[in-house]
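Consider the two complexes below, in which chain A is the common component and chain B and chain C are the respective partners.
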Partner chain A sequence: MLNNNLLKYSSSPHIKAPHGTKWIMLNVCIALLPACIMGVIYFGLYALLLLALSVLSAVLAEVIFLLCIGKKFNEIIKSFDFTSCVTGLLMGMTLGTNYPWYSPIFGSFFAIIVVKMLFGGTGKNLVNPAIAGRIFIFISFQSVVAEWVTPTLFTTGEITTGATALVNLLENGLLSISNFNLFFGIGVAGCIGETCKIALLVGAIYLAILKIIDIRYPLIYVAVTGLFTVCLNGFNFEYFLPSILSGGLIIGAFFMATDYVTTPNTKLGNYIYFILLGLITAGLRQATKMEVISFAIMLMNLVIPLLDKFIIPKPFGYKKQREVK
Partner chain B sequence: MSIRKAKGYRYGIHIPDMKDLTKDKPIEQFPAPKKVYISLSQHIGAPANACVEVGEYVKKGQLIGKENGVVSANVYSSVCGTIVAIEDIVNDMGQKQKYVVIENDFSNEEILFDNIKDFEPSTLIARIREAGIVGLGGAGFPTAVKLTPKNQLEYLIINGAECEPYLNCDNRLMLERTDDIYKGICYVAKALNITKIIIGIEANKPEAIHAFKCFNDLDVAILKKQYPMGSEKHLIYCTTGRKVPVGKMPFDVGVCVQNIKTMIACYEAIDLNKPLTEGVLTVSGNGVNEPKNLKVPLGTSFNEIVEFCGGAKDNVVKVIAGGPMMGRALIGLNQFTRKTDSGILLLTNTEANTNEPTNCINCAKCANNCPMRLMPMFIEQFTLIGDYKSAEKYGAMNCIECGSCSFNCPARRTLVQSIQTAKAKIKEMKQNAK
Partner chain C sequence: MKNIKKIALDGVVTSNPVLKLVLGTCPTLALTTLAMNGIGMGLAVTFVLICSNVLVSLLRKVIPSQVRIPAFILIIATFVTILRLLLDKLLPDLYASLGLYLPLIVVNCIILARAEGFASKNPILYSALDGLFMGIGFTFALTLMGAFRELLGAGAIFGVILWDFKIEFFSSSAGAFFTFGLFIAVFSLMESLIAKKKKINDYAKLCKLKESASVEEINAKLKGDK
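Then we have the complex of A and B:
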């Protein structure tokens, strides 16, 4: 029998696509896992500790903030949507294993509380919290970030620290490391998550298949960065692949720049955003001789409100009627 | 005669169509109920004036509501019996409206129109007006008004898209009453003096497409399965390539769009001399025991219809009049069928949307899927803070309320509801300005 008290009354439409925010964020976490696993294999268990601390402290920061503003604990659990997990994981992946164990905790609390929650929580942040957290750590721990650990797997020798492949590329010209090794991250100094490009690309393809990200935009970003680097180096096309494969361009393009909250809302806006992002990344890299992906993305994040304000698509039927044949 | 694949349009979404529940079920005749409650406002425009009194005896097909002005329509009794009341009842929109309550005596005496004298356009249109025919696709705009445009039209497009999930009544009618639809189309084409006729059918109805192949003067356009293909503007674009300009009507580009059910009503009024007293609707959803396609006298209670279909299951959370994308949720089954009804859906927890809205995550899925290329997230945000001027700037008035934005929203925002509010407020503002 029909129980009128159970009936829900609402505006149309009455059916919805099955997947919500929670599902999307959970899948982003899953897509990041291969790169995390490869990071732990390359850099050892200390990398796992950093990642775990990063994720846990991000979730904790969100829960503490919500408790402070008077939300009930079971409400928080019910509305938990994994966005803080994604933030924590992404930020943890940009750390190196020479960082002190407490650094991700500082970063997470800054990213979640200052950058995300104070602006209104999920979807209201102006810049990507993971990137803001990374920059916070980068500035706070300047003594250690100049050096990066080189993974020992597949190579002989002790754990060494030194400049990343990208910095070598920018300062000294072409690299001694082959593109193949850069692609798989063999013997390449860098942070936990961004060393193994193939694992990141697997995750990106997973997201593209689930239609969570539009793969065209990060590809534009990567291509523009590569080509502009080539231009800046006197049209030497040997710079193309190393400039893409060294540094954090892949994780930045596929996982950080595509964050829903900090991308424009129109197709045209997205094209402009990602092309400008590529130009700024390549230009700043060349000028500063260091990895600037996070700074470039944060800079462009601040341009998005302008892109959304001035690009309004024309409604269907706006154009003048075509001539009848 | 030709069959061709029509082009699609950019954007639009794909929805599981759920039509299998009633796809192969022939239309059944619903037995005349004991009591009917016939609304005097079953169309857009002024409600009809009651022209009968309480206690009067009426036959089936007798006029009980006389049209009130040009944009209005006659209402006829759907059963034979005594009028027991003319009362105000709250309809599904929450408005009080006049209903004529008739107690059936099951004598089945029927009044018909006289045979039509000639088949001149003016006579045909007069008959369609007299029979109280309105656009049966859902809008309920009086058909006779649509058939008297200011300019000469070029195309007559028959809308057989039925892009709403669950609904199957148009599909079944196209299979079972192909010839009647064809005759109806011919009369309407004659009334409009049009020779180019296109019938648009979505690709998921191959049998219906096959059924219409045999008519020589009818072009069949196979439409892509895309929601909302049944939207007038998009149907016109896909079949003729013409874009209806913003704020204009189909007749401005020389096109008239008519619904399948309207064509059958025209045929019955002209050839069988019958006024519009019955509606065809789909009773479906996983919450009903035996989903069916039914032919129901106007004014039948939804309760009786659902009982006829084996009753409702316990876990129903939503009752909807119409399709799930654009229909209206009801607070119970105490409603009565009207001309424009096309379905009663009983949805269970697993099918219906019962999620609470969360924060917008700015994913732009609403904008990327909007068939009108609007930006629903901004319209919603401006509506929530009461800035309706800005909402209008982002195109709120162009919204066709198809629901594509809300359907895809991962944060479950109630975008359509906000846009509806904005539209009402903007209209109010414009009227106040005058």
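Then we have the complex of A and C:
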């Protein structure tokens, strides 16, 4: 007699993938760590507090919600994937150190409970929860968002608050800060995670090597944003690098826009998505004179269902065949 | 008497115009930033509702059914104009804060729905009461939403500032939709809980138990009967 427990039923495909959501999300966390560490070095221990609060409250929000809908605590621990950690970490990285300490808690709870869990949990959210949380904080605590802290490491200046490099670029034309300093985030005002571009790129390359993200799409996004900014500024190619290196384009492109849940399912859809994302980002930046990465990504997230609806891959065996992502 | 009770319950709870029928969403979303706005708008709509319901009910046998909608709109517009002139003279502050939404009462779907669905089929007294209780339901929902949004978005209630802490999200239009959804969800949840309780009570009566009997007791009794 066969033991009933030995029989497992599942629908096709019967392929066992080596890595699950947990593995992927853990690696995204690892990829974000260098940027976090650089952020803490640049902005001090308060940055660490914001990041920790953000991650902890995101995990707590998920656990509380699951307990509320009647899941057992053991089950929650067992099925815990690190998506809420990634959400919390990404959201924390987009905050500045002049934010009040309670802002990441509100942001995390909004991101996890309203944006993710109420839509059906991991994999079913309509927009990226980290971005929604950031926008929630941005709208809710507007009074402090206009100013950003400039880190003092490697510079002689005092700690100051002011407009970010990107806002300066958009409002006053070309910057006094060199591209080198922008790349390493020396003396550049901004949020915790986005300042040090090199650390972010290291993380992105790590993810690309593990084939967690397809590096082509964020590169398309970055290139289109840079080129369109150049076009909007009278074909002055000196705008190309500063527009990419200032602001949150790198973290937005490599870590937020590439979220599995909120990207189209087809290759063509992805190309359209990332090109449109670049155009919208550059255009909105020019129009509003502020950083709009999060708004652009959220806006385009809402277009994804349409892209998935109208771009249908031809089934196998058809004459004209399009590759599925 | 039973009819009146049903009308009252319908207007405020079982078919609450905002939380149950989802009518009149435009003023609901736009005006609930402050609790005072909610009360003002609610009372204005109540006034127009009662008056138009009475008049529609009076004329229900005179108005030919082919032109009933324009006739209803004409009646409603008359009362809205009266209301606007009155408010402009008596309460200029409220008039200013309601702004565009006051003339828009003319096309408010609650009023048209009650004229079409209730007043044109029922006698005057019932129509007037229906207008009153629908208005109370509307005012109740708007005031509650306004108080919630004012408390979180401005740290105040009815204009009295309580603390300095603000979540400005709730003052924005995104917060309006969020609050609206939240209120509908909580309202439906409460309603379903009450319905469940009532069902258990009915079963208890059927099994000749006390009204406060729990589900386990009823189950035990049912098993014993079998």
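Keep in mind that, in the parts below, the second predicted complex is superposed on the first by the 302 of 325 C-alpha atoms of A that agree within 3 Å, B and C clash if a C-alpha of one lies under 4 Å from a C-alpha of the other, contacts with A are read in each partner's own complex, and residues count from 1 in each chain.
Methods note: a contact is a pair of C-beta atoms (placed from the backbone, for glycine too) under 8 Å apart; a residue touches a chain by one contact, two chains touch by 3 or more.
All values derive from a computational prediction rather than experimental measurement.
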Which of chain B and chain C A:N74 touches, first, second, both or neither: neither
Partner chain(s) touched by A:S176 [first = chain B, second = chain C, both, neither]: neither
Which of chain B and chain C A:V114 touches, first, second, both or neither: second
Partner chain(s) touched by A:S140 [first = chain B, second = chain C, both, neither]: second
Which partner, chain B or chain C, touches more chain A residues: B
A:F106 touches, of chain B and chain C: first, second, both or neither? second
Touching residues (chain side chain C, partner chain A) in the complex: 166-170, 172, 174, 178
Interfacial residue positions of chain B with respect to chain A in the complex: 9, 15, 154, 165, 233-234, 237, 241-246, 248, 253-254, 306, 311-312, 314, 316-320, 324-333, 345-347, 351-355, 358-364, 367-368, 371-375, 377-378, 393-395, 398, 401, 403, 406-412, 414, 416-417, 420
Residue ranges of chain A touching chain C (in the complex, touch as defined): 106, 110, 114, 136, 139-142
Contact footprint of chain B on chain A as seen in their complex: 1-4, 6-17, 19-21, 23-24, 79, 81, 83, 120-124, 260-267, 308, 312-322, 324
